[in-house]
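Next up: some structures, all given as structure tokens.
Common to both upcoming complexes is chain A, partnered first by chain B, then by chain C.
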Partner chain A sequence: MKGLNALLGAAGLAVLLALGEAVPRLGLVKAAYFPPTSRIAGAFVDELTDGAFWSALGDTLTGWALGLGTAVGAGIVVGVVVSVVPHLREATASTIEFLRPIPSVALIPLAVLLYGTELRSVLLLVVYASFWQVLIQVLYGVQDVDPVAEETARSYGLGTWARIRHVLWPTALPYVITGVRLAAAVALILAITAELVIGAPGLGARIAVAQTSQAVPEMYALIVVTGLLGLLINVGARAAERRALAWHQSVRGEVTV
Partner chain B sequence: MRRLLAGLAAGTFLLATAACGSSGDSGTSGKAASSGGTTTVKLGLIPIVDVAPVYLGVKKGFYAEHGLKLSLTTAQGGAAIVPGVVSGQFQFGFSNVTSLMIAQSNNVPVKAIANGIASTGVQGKDFGAITVKKGSPLKSAKDLEGKKVAINTLKNINETAVRESVRKAGGDPDKVKFVELAFDQMPAALDSGQIDAAMVVEPALATVKSQGGVEIASPLVDVAPNLTVAMYFTSTQYAQQNPEVVKKFQEATAESLAYADSHPDEVRDVVTTYTKIPASVLAQVTLPKWPAAADRASIEALEKLGQQDGLFKTAPDLDKLLP
Partner chain C sequence: MLDVRGLQKVYEGSGRRVEAVRDLTFTVEAGELVCLVGPSGCGKTTLLKCIGGLLTPTAGEVLLAGKRVTGPPPGMAFVFQEYGRSLFPWMRVAQNVELPLKQKSLSKERRRELVADALGSVGLADAAGAYPWQLSGGMQQRVAIARALAYEPDVLLMDEPFAAVDAQTRADLEDLVRGLWRERGITVLFVTHDIDEAVYLGERVVVLSASPTVVQETLKVDLPIERDQLTTRVAPRFAELRTHVYAQIQAAKRGVPRQPDAPEELRTDTPPPH
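== the complex of A and B ==
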């Protein structure tokens, strides 16, 4: 079953690549604006041999990892505090729903004014965008706590910390992990967007330079890199999810079937 | 449990430092870091051909000779550079002259200090041009009436210039339909007929020409014979507090500009270090002029046209703005 899936996945990718080669060659679109796969692949190999590419990749990953880490840490802390302290959830609900839909990209002028074109302006956007993904999941996760389990723990004399650790946390964890997985993808998108628009060092800025330099195959090669990065991050997040939730029904179920 | 708590604490600390980071910096960023007679200053740039003299100047040691260590920071577009300079993230920046005049008329404290680039001043051989597709019926700027013309930014230098070209050709610039489009997207848009004409600059101009596109006007030449298009600038506050640093920057930049102007081959070499312009395109690129000083008369002409087209809220004060 697993082998077949991998085969189908590879076949889908091969068809996509073949289409990318055929469409410009057949003249459906101009090769000058959409180069065939083979030329993009050539530019991709050139990129891999360029030291500046690797440092740009490092910059992007640094922004992504720092931003995601901050957002996850803050999201979990804030989420648990808001849920545990009485009435806080009700008091903050409207504020959260107001702040959450503000697109991170709208904060770009603010980020530039505060931090210029450095890593910190990328972090501002990344953290803002991914924080809500985690926070909302934590809030839902905490809400899902079984009242009977909670009451039982309480009657056995477990304190607040012990109840958070043994009742609340295991219940919320699947939600938290989902939030982290969503946030990981959002953080990557925002890191690259910030670099692209602001010009902070990284893959995004490199794409922008290729774009303004009329270096079309190089631009697509870099876009392919960002796609691959997203793919890797998703695979990594799923693997981490399976490890962290090995005990959970959803993951155990996958294995036995 | 302890590990979890430590992780959470670290997370909140990171957020707090990220959020408060600016307060620790803003006090010092206005002053340049100085060590052993060399002053380190940050220059905010757009990675385009125009700024090649600065890269060349750093490479040739002109800035070092004047005791300056330039840290070149690239940004995407002037929109990120002006706030960066005013808030002290950069000490110096690069911007087109109209943007600087608009900023000044809005009371943004900017001060132009050194020349940036000038048009070549030669009709049909400038680094920017109004171009049409191969075989287009449009033959002159007058024919643009009622047509869709792409410019990179509305209500800025290129709109002023294109309107002047239309006016000089005997047309009514109010009848031109301007649309905003990034330079790099103009060749494809022109080719597919989404726009009738494009005010395009290098290296996209070279791409347009390689596809058989035709130049019908040189708007930057139409504005004034030797139009100063862009300049290096600083904030008025920095200029007042650090007159020596500004003076050093001016001297080194003037040297770099003169060197670049007389060594086009080295310019084409250095451009490959910070852009990705393919060699085949770069060979076709028309370089701008890099005179050591700005041409005040041309800036006055640009201001007059900008006033006429309603770009400024109040008249910019050129005595205060220019060096």
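== the complex of A and C ==
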């Protein structure tokens, strides 16, 4: 069954690539704007041999990883503190609900004013967008702590720190990991957006350059690269999730005793 | 060992005032196995949580070895009814048993010794590396009991621990608790709504009234110390005692303070007036 699914998936992809090759060659769309698959593939291979491409990829990944790391760290710490300190959650709820829906791209002018085309501009946008994803999940996760588990821990004399570490954190972990997975995808989107719009070095900026210099196949090849990056990030996050949550019902399934 | 004096617990909130426990006074001697039994909804869990320091009583006090209980005391271990939620699914069986010990200043070897000993006592030495959710309900409750034993408590509080397991497992676990009590000489306060279980297990049965709760009666169980599911449960004395407790609980439900026609020889151990 799994083999058949993989086969069907490969067949679907092959059809898509074949269509991408056939449609411009048959003249149904202009090959200048929509080059056939083979030319995009050629441009892709050329990119791989270009040192500038690799440094752009490195810039994008740096912005993504630093931004995501900061957002995850801050999201977890703020989430736990807001949940554990009495009344803090109620006091911050309205502020969070107000700040959270602000689209990160709306902060682009601010980022440019503050940092120009530096990495810090990218980081500002990435962190702002990913932070909420993590924070909200941590807040949900902490609410999920089972009162019986909490009372068990208290009855056995576990202090606040021990209860955070052994009860609250493992309970919240499935939520945290979901938050990190969502944040990883959002962080990539914002990293590319920031480079594309602001011109901070990276794949986004390279796409913009390819577009303005009429290097259409290269532009497509770079877009494909960003897609592949997103795919890798998601697959990696899912694998990490399965490893970390082997005990959780969503991963272990129903155990019949 | 354990003194409960004039305990009262009133829940207040959203305009409602519920007096769960009105006035409870009783004592559990060191090394005694006492069962608390009462009609459902009579505040048994509230009482046990007050004793365990998980809830603060509205009035009265709980003394453990002469010291007033203000929070969960180190000399008490709690076994909850909901074993599935009380054990942590992210920890293996041995880690679950070991976690409370990490709060005590014990060496790693000593901790390992206690864990192995406790798991051995409940017959789960092989399950140390399993996750709780890989075990049956009865086995999970055994793990919870092992966790309590490893903690080396002076007093073991058990809150309807066998209410959620099947009848056969329940009989096994009852014998396990009596066996451990005799072997280790710990003081056990066992809360149940099952009259047969209370009489079968306890050296003394404290019958509670309906809510707001007071002590309806304290009854000494004069069954032999050696008990087993086959002979004890069909012994005429067992039947007398359970009938008496049953009558008391029915009376408690109707709000009658004491059953007037209780046979004199059963009224041996009534609580002192207060």
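Please note the rule applied: the second predicted complex is superposed on the first by the 253 of 257 C-alpha atoms of A that agree within 3 Å, B and C clash if a C-alpha of one lies under 4 Å from a C-alpha of the other, contacts with A are read in each partner's own complex, and residues count from 1 in each chain.
Note that contacts are C-beta pairs under 8 Å (C-beta built on N, C-alpha and C of every residue); 3 or more make two chains touch, one makes a residue touch a chain.
Bear in mind that the values here come from a model prediction, so they are computed numbers and not experimental data.
On the shared subunit chain A, the superposed partners chain B and chain C are arranged side by side without overlap. Touch criterion met: A:Glu151 reaches chain C, while chain B stays clear of it.
Of the two partner chains, chain B is the only one that A:Trp161 touches; chain C does not reach it. Figure note: vertex chain A, arms to chain B and chain C, all at CA centres after fitting on chain A; angle 150 degrees, rounded to a multiple of 10.
Look at A:Leu88: by the touch rule set out above, it reaches neither chain B nor chain C. Once the two structures are overlaid, the count of chain A residues touched is higher for B than for its counterpart among chain B and chain C. In the superposed model, A:Trp247 lies in contact with chain C only, and not with chain B.
Contacts of A:Leu113 after superposition: chain B is touched, whereas chain C is not reached.
When the two complexes are overlaid on their common chain A, residue A:Pro170 makes contact with chain C while staying clear of chain B.
With both structures placed on the common chain, the touch criterion links A:Val77 to chain B but leaves chain C unconnected. When the two complexes are laid on top of each other via chain A, the two nearest Cα atoms from chain B and chain C are 13 angstrom apart.
The residues of chain C lying in touch with chain A in their complex are 49, 52-54, 72, 74, 76-78, 80, 82, 85-86, 88-91, 99-100, 102-103, 131, 133-137, 147, 151. Chain B makes touch with chain A in their complex at residues 1, 4, 7-8, 10-12, 14-15, 18, 21-22, 44, 47-48, 73-77, 79-80, 83-84, 87, 89-90, 182-184, 187-188, 191, 203-204, 206-207, 211, 274-278, 281. Those residues of chain A whose C-beta lies close enough to touch chain C in the complex are 146, 148-149, 151-152, 154-159, 162, 166-167, 170, 173, 247-249, 252, 255, 257.
Those residues of chain A whose C-beta lies close enough to touch chain B in the complex are 30, 32-33, 66, 69-70, 72-74, 76-77, 109, 112-118, 120, 123-124, 127, 161, 165, 169, 196-199, 205, 208-215, 218.
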